[in-house]
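Structure first, commentary second.
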Amino acid sequence: MFRSKTKILQLTVTLTACAFLLVPTILSVLAGVTANYFQGISSGFTLKWVFRVWELYSGSIFLSLWLAIACLISTLVIGLPAAYGLARHPGWLSRILEEFISLPLAVPGLALALALLQLYGSLKGFRASWTFILVGHVLYTLPFMVRSILSVLAAMDLRTLEEGAATLGASPWQRFRDIVVPNAMPGILAGALTVVTLSIGEFNLTWMLHTPYLKTLPVGLADSYASMRLEVASAYTLVFFVLIVPLLMAMQWASARAQRIAQ
Amino acid sequence: MTLRLTNTAKTYPDGTRALMPTELTVDTGEVVSLLGPSGCGKTTLLRIIAGLETPDPGGEIWFDDDNVTAQPVERRNVGMVFQSYALFPNMSVRANIGYGLKMQKLPKPEIEARVTEVLEMCQLEKFSHRSIAALSGGQRQRVALARAIAPRPRLLLLDEPLSALDAALREALRDELAILLHKFQITAIFVTHDQDEAMAIADRVAVMSDGSVVQSGTPEELYRNPTSAFVAGFVGNAMHLKGTSDGKSLTLTGGVLPLDRDGAGQDIFVRAEDVQIDPSGPLQGQVETVTFLGTHYRVGIKGIMPDIVTSIFPGQNAPRTGEVVKVSIKPETLMLLPKSGVGK
Amino acid sequence: MSNRQFVLACLTPLFIFSLAFLALPLVRLFLASGEGESGWAIYLDILRKPRYLNTLWLTVVVSISVTLAALAISTTAGMFLSRNQFRGRGVLLSIMTLPLAFPGVVIGFLIILLGGRQGLINQITPGHVVFAYSVIGLFLGYLYFSIPRVLLTVMAAAEKLDPALEEAARTLGASPYRVVVDVILPGLMPSLIAAGAIAFATAMGAFGTAFTLATNIDVLPMVIYTEFTLSANIAMASALSIVLGIVTWALLLIARSLSGTTVAAGG
């Protein structure tokens, strides 16, 4: 079916790009389960590197999961009412606020981390606790949560639905609970999966904000790349893939669903 | 419940006056229609009654002996059917109808019983567990009505409830709605831009124009005795006969028409069904269009006055296009109304 | 009125959070940039001192090359994948969007596995072929990062493009090449500009990849990092962060006004 020259050229480019993206990933997975990567696959497969990673880094994996959950809760508590407020109160002020909280999407994490460090770095108790990293993660993931919910809310006639509920006797809070939240669910789900995925993979901010006693998964990865043998680094990367790939697929599914609803 | 509005007006922050100071009383069990073209303020008035808009200071809204002016919508106990129905997509038909009862914190068994009763009344039993997305337009309309009446509101408000339906369905549901409203014996206000709808459903029609109620009365009164050119034109499409009147007769391009009243300084209107093609008529014109409408023909005649004069022709052999015809209009069918800039 | 109060109350947590952890820190960052020896002239120093000027140039050149390469590859692949239905299409699409969730550090490591001292290319080719720690490695790392993001933007735009336009051009006698030039590219242009801006901005600010590759190449984020941690030159680190932040923010603002969407930029 790919007869014309253009099609063949397009296919070649596509396949080359796929190979470029896939081959190193496969190498990494293989290296993580190979007994000795220098000797090649012939040295046999083993899970000992994965166990070694578990011994060395399980703490960082749990810290990342814990941070992701805390980040999800924080972005929900802040982002869900905020998205509703922005949807119900459109105007230049809301636009500016939305634009402002989206800054962390554009401004590199390094710059944000420097800013946070300089303002709060001297508060030792805060600086040294996991909540300092959490602030960075919330800062970075919050706009995704807000926008994901906002796009779903903006697509429905929220105002009339709420008026309908109001004529039936529902107070503002009851309307929020019974009408807004259930109908925003696709956006909340997509936003939640995005927040968790991004939080688990966040490095730029975290690297600057972390302390030696608080290493997240990606910080641990950087650490292993710098100081561990290749097999251990690969095994650790493999653990990360196992965690992040299902999340990514769920996130893409949920986002596509939310977008369909928002259209 | 008796609804009473005094001096109720609405001015938007940008200075637009959507509603002029209005007085309106609706008696217990009465179905009143607010009729008018879009932008006449009828929906604003309805939303003020519901509590969805705040009237300008000075206006008062009374439900019987309750002054509800300062009450938020959720405490007024009104039922409202929205133009878009505003059915909650996250709830089933049953949950939608039960929502208002849930807000009243009624015990579960009572909610169930009342929902079932309303479902039966609106012939929705079969659909009770469906989701809103799985309903047709007509079914949605009935769910919206059922949801609004289930909490037994003091007042039922309907905002263009039929306009989202296609023409054939609209006519069928119009009669159904009229029957249901009278069955509920509920005080109701019904906003529409369609005169047929207003006539079919309402006990009393309030015609609105440019933010004020210009005339209110039974459908018959409005049709037979309009007090203004606007009402004559909007209710029943009366035609303005443009000619010169000396008090005893009206002189038109196509002839002279005798008057039985003093028509000096007044605009003269006539309805198409009172314009008769009659070989002995005093007016003469030429047939421009002939439209067959099943039970009758609508004949457009030029040459009688600058605009086309329309006549309803009930017979079998209608005149043909281009034919010259004589036309008569009985003097008592003419409507003599004060001169105004508005009207046709 | 109580409804209005409720809506405003809903915005309060967001307002407090972004004031405390975004607005105030950024103000502090800006003030810190003027607290060095040279005061506010530090922004002139960036342009005067060759070390910083060269860094800026190199960062911009690498970012532009990555942008152009990512646009060329992803537009070709994106148009191919959205215009053809065949077995394995879904697999190809998954492969090309999977790296979306990989942070820069991981991508740096993948490039080392490809072109490092123990890398695949070095093993299967005769001689010593190591490119991971050079500009090429950095370029490939950024490209790895950008291809999925540009691809998604292009495919979303391609799906919105009315196929009837292409068919109309065909019926008017346009060759496939003319269809691309006259119909498809103009239709995709806003999205291409947007995707290009995203690719450029992320390449400018990418830190993780450069960090893992541990290169001696002075790209802007690496210089900010070393100024801050090694030289303790906090004013310069802040000033460079401000410059970098303004450039990337402005670019993404343009991108968003053209396409109306934002693809996850960080990682």
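Note that the chains take the letters A, B and C in the order they are written out, and that residue 1 is the start of every chain.
Convention: a contact is a pair of C-beta atoms (placed from the backbone, for glycine too) under 8 Å apart; a residue touches a chain by one contact, two chains touch by 3 or more.
Going by UniProt, the chains are A = Spermidine/putrescine transport system permease protein PotB; B = Spermidine/putrescine import ATP-binding protein PotA.
Given the structure is predicted, the values throughout are model-derived calculations rather than measurements.
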item	value
Per Cα centroids, the chain farthest from chain C	B
Pair of chains joined by the greatest number of C-beta pairs in contact	A-C
Closest chain to the centre of mass proxy, which here is the mean CA position	A
Interchain centroid distance [CA atoms averaged], chain B/chain C, Å	59
Chain A-chain C separation of Cα centroids, rounded to whole Å	16
Centre distance in Å when chain A and chain B are each reduced to the mean of their C-alpha atoms	55
Sequence positions of chain A contacting 2 or more other chains	166
For chain B, residues contacting two or more additional chains	72
Multi-chain contact residues (two or more partners), chain C	2-3
Of chain C, residues touching chain A in the complex	2-3, 6-11, 13-15, 17-18, 21-26, 28-29, 32, 73-74, 76-77, 79-81, 84, 86, 92, 94-106, 108-114, 118, 120, 140, 143-144, 147-148, 176-177, 201, 204-208, 211-212, 214, 221, 224-225, 228, 234, 237-238, 241-242, 244-245, 248-249, 251-253, 262, 264-267
Chain C contact footprint on chain A (complex, rising order)	1-2, 4, 6-7, 9-11, 13-15, 17-18, 20-25, 27-28, 31, 37-38, 77-79, 81-82, 84-86, 88-89, 97, 100-112, 114-116, 118-120, 135, 138-140, 142, 144, 146-147, 166, 172-173, 176, 194, 197-198, 201-204, 207, 218, 221-222, 225-226, 230, 233-234, 237, 240, 244-245, 247-249, 251-252
For the chain B and chain A complex, residues of the former touching the latter	50-52, 72-80, 82, 84, 86-91, 99-100, 103-104, 147-148, 151, 157
Of chain A, residues touching chain B in the complex	156-157, 160-161, 163-171, 174, 178-179, 182-183, 185
